[in-house]
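Two complexes are shown next, each including chain A; its partner changes from chain B in the first to chain C in the second.
Up next is the complex of A and B:
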């Protein structure tokens, strides 16, 4: 993000020039006055746009982020790797089970994402810090929450494009069998949420360091621990600690989606993790103001 | 002096941190907040307090720094935010509805079940026995039941963490769910709405059906818990499935309250009155489980079963291909016929075991009005050996597959006059064919004559066995639906030794068979929902098309696009 997204905002078209008294002045004065008024209007409208239209700011940042991701050949390599792995596993599972189901494929997809999502998020904020553009962003009238949300939505857009390329899988199932489309839809809802969690946590960790490699390794580590927390829960015994550990684990909440029976608590759990991770990322960016 | 004091206070601070860390570590390792963690915690806190008292300026100075001021604010806000979100999660977790997206609504209760649950007036407790991590499916289904009526109370027990509860309830198999209401009890092995609803109906029903074990002709005793050949485990298994079990002495006729009668070949022939009583019972629409073992005297039983087109064959079944621990005299069956009655009898069955079994011949064509289904048979490599020498196929033996379990049902003609057969009595089986040492505990099928039922009557059943005074149904219910017979060419499969033999499903076979005979297999017509996804039919190059498209062509197209973008921006 070299050109500080969010700053290059169009002047607000709602601010129509007030030209009522311009008729009484000379042409030169009119031109001078117009230039001055335009400068003043431009500055004020920019300030007003940035401060008053958070959605537009978020959209601008997300769009820029998405564009910069797809402008890089590395992104295509990440997508291709994701598709090769998932395509191969989907085919092998289908040939062995002979069943028109994607439940196992979704579980595999989540594991692959666990390693790939940090590669998408590792540069999002750490690169801004390393290159110093974060200072520019923080001094602009742009809220930290808008910056973080925009970055996350940009990464989500990239992820959704990646996921959309797996849609031929259910189409193949439809061609050669009768899959339960409700179950498939549930699986996609689940994998979108899991991806959202991975990207949010990756973004938070990216906000903590300037080093992309550290961000990558730490994100994979944290996600792996959260994914495997279930085992730790079982080893805690049967008390409240075990229940808490089992609840905190990422993996068990995914089953209800792949079985086509979406439980509200699982939905809330994933959304909560996304919100918490983004909140912490905002707070983390905010600390740069006083650090 | 000042520097020495500073070093001392820093040392105190480090010691405090180490003590607090050690307290946490010992607590996590031991899993108990015992004396050691407590002492370490107190020491750590005391050292921390000592540091604050000794060097208050440094501590107060810390609070004045800009970083701590803003940092603590950030931490506080974050903790509060996480706490609020956590509380929201806890609340949602307490009352979490679910959204069933599946086409067959496999995660939603049927209207029949909902109606039954709404009318439920008495408490039903369900105890499921699952290893940690394997309980989710049962828990989800039970949650749906409990959400409909608070009278349904359930708990999941992990036998590894709580071994006392399964022992108390006499649970052997993991995955068992015990439905109890008052003194009624029914065990369920599968997690389906059909089975759960049937179990709830069974335990809340005032009527309990009665099953009789015929005794007095040298049959194994249903109260004999001591000997391996006894049938006490079978009796308990039936009681745990809401049946009342009683002995039917040889001198008695079949009572009206008999939902089913279990007749095993004994060491003595049937009495004349028994033959006529059982024949009359069957002709009127009776339900019987009839069993015979290798080389036992089958003349009386064959007379009884003749109208149904079934004949016990003399000899012993040898199956080297499918057998217990490579003992060909103990055939094992893992594939069953699901035609007709087979679907009820073999529901959820794994491997079943038939030590020292004979065989069953079926009439072709079946007698008029009678439907015969061979439910379990041995492998193609098996044979029925009629001689008692070494294990070897000879002329006169019958090539497999040999029928081991056969069902026959239909309307029998008017009771025929009993005609006692004078078939020669076979000598004790297993005397010539020795059991291989691979299964040293395998008993000679009927070499040990059973004592009369009084002999083992004092053997106490486990405390968990329900002993209520039941209400039972009358003949009009028990004889309805026509005659049903399940013939098994073995008497040891439901003995104390083999009913719960590891990795086998003989107990399920017994319960399913009695459920089928007593017409209790589905107390409610909850529609069966297909939970397994549909099959995929891949022919010829379909597999290649899928593999290459998903794992090669699509990723390749993405790479080409990436290359194009890179070329444009180069």
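Up next is the complex of A and C:
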């Protein structure tokens, strides 16, 4: 400051109102401003061109996540394993039951996912923390909620691709038998939701550690407990404890989907689990700053 | 453009930054100089909104980095100490990702991408995977990432670390060229780096600002670096003549004090420590040496801790 006594400190007020009337400008004006900005590249027009759009941010994060997932060999291993396991179980079930139904297959799919989803989510946030890219993300004009939602949607995108590759099974049934299409559709809705829950919980756990392997092991552990909670409840005997455990466990809510009669409370149950897990992940990323 | 006021930050029980204040004018290049563990990274992380301060305020382009964080962050480009790269992405995909992340409108991404690739001389590796790049190229991609969205403020944490001398030179030229258009803060623990690139220097040590000045003024102040005080029992004239011829000594002033003692102030070039030779001279003449000490300033001690060797860059 000593050597530049004539220079006043940049006053805050000139910037803030500029931002306020930006909101009032029409889209056309904004486009024009953007073009001018590209030409002049002055500081004030530069600030004008930057706005934050939550959907764009979420899309940016999700897009990069998909890019990275498909760039990694692990992703293809996961897909291959998922398809081979499912194909194997599907044909065994079909052979034994001689029925054009997928309800047992969906239940098996959920169990396979219980182990596979954590291998998709293990690196989502833990790797960003280990490699230091979290510093880029958290210093960008991006809300923690946008980061978490983007990450989850990226993982969901990957999962949906994986799931889409199982569509030949119902098509096969359709060709050689007459499956209950309501059951098949319900099963897919259910397995998408269960996958969403697994990925959200895995995402939350990966926000807690820098270590992918810990994230993987912890996620599998937590998911197993949640899935099997039912059994634990039964060992308490019947009554309140058992029915609470029945309600909290992941597995019992799955049946209504594969039977084709989706119950509202099962739908709400899975959706609220997703919301809770994502919310916890957001809080976890937020508190990271304070550590 | 950047106002840092009474900034303090403590980790758990350790005070890493205490009561730091400085400001950076628009278009200025400020050097943030300090030895390891001085608190440079901590301060930069607070300015960029990565972590909150324990107390004090920071505003960037008029926006408080804590309460108006998103607005402030849009206007900052930041190269952290560990370059935040995704090894599985190509350079181009990565830079596009950062541009979108920083809120650059899609219509400007192409133009800014070309500019950043060009400015950082990474055009030839644009299609390469980041994991396949050398350390120097990674660092350049890191700088490209910090300027791609045409930010008002660019914060660079040790931008030349790990580069070879040629790359160091190029990077400094690049940073110099960015000044004026952008307001830049760069941290370093290499003294010559700031005099080559920065218009002003803030020296931080032990979490506190130790000095703030232009590189030229600092260099002047540093010339007192090799000031030595010597007291001996000797005839004044002969003592002065003997000390003057010690290599590295530029000036000797002396005064008589009672008891036949003489007190001298000796200035050196600062290139070498003359104290042992001074002592040998006095003792060699058969005089008795009563006192010999470096007239130390706190600044000097800080500078001694700074890595000053930089023969490679010359």
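Please note the rule applied: the second predicted complex is superposed on the first by the 237 of 291 C-alpha atoms of A that agree within 3 Å, B and C clash if a C-alpha of one lies under 4 Å from a C-alpha of the other, contacts with A are read in each partner's own complex, and residues count from 1 in each chain.
Assume a contact is a pair of C-beta atoms (placed from the backbone, for glycine too) under 8 Å apart; a residue touches a chain by one contact, two chains touch by 3 or more.
Predicted, not measured: the structure shown is a model, and the values here were computed from it.
Once chain A of one complex is fitted onto chain A of the other, the partner contacts of A:71 extend to both chain B and chain C.
In the superposition on chain A, contact of A:204 is made with neither chain B nor chain C.
Contacts of A:99 after superposition: chain B is touched, whereas chain C is not reached.
Contacts of A:270 after superposition: neither chain B nor chain C is touched.
Applying the stated contact rule after C-alpha superposition, one finds that A:136 touches chain C and leaves chain B untouched.
Of the two partner chains placed by the overlay, neither chain B nor chain C lies in contact with A:188.
Once chain A of one complex is fitted onto chain A of the other, the partner contacts of A:56 are limited to chain C, with no touch recorded for chain B.
Once both structures are placed on chain A, chain A residues 71, 290 are touched by chain B and, in the other complex, by chain C.
Against chain A, in their complex, chain B makes its touches with residues 31, 66-67, 70-71, 74, 77-78, 81-82, 85-86, 88-89, 92-93, 96-104, 106-107, 132-133, 136, 140, 158, 161-162, 532-538, 542-543, 546-547, 549-552, 554-556, 558-559, 561-563, 565-566, 569. Listing the residues of chain C that touch chain A in their complex gives 1, 3, 22-23, 25-26, 28, 45, 48-52, 59, 61-63, 70-71, 73-76, 78, 80-86, 88-89, 93, 97-98, 100-105, 107-108, 111, 145, 149-150, 152, 181, 200, 212-214, 217.
Put simply, chain A touches chain B in their complex at residues 70-71, 73, 75-77, 79-81, 83-84, 86-88, 90-91, 94-95, 98-101, 103, 165, 168-169, 172-173, 176-183, 185-186, 230, 234, 236-238, 247, 252, 255-256, 259-265, 268-269, 272, 275-276, 279-280, 283, 286-287, 290-291.
Chain A contributes residues 1-4, 7, 9-16, 19, 34, 37-38, 41, 43, 46-47, 49-53, 56-57, 60-61, 63-64, 67-68, 71-72, 131-143, 289-290 to its touches with chain C in the complex.
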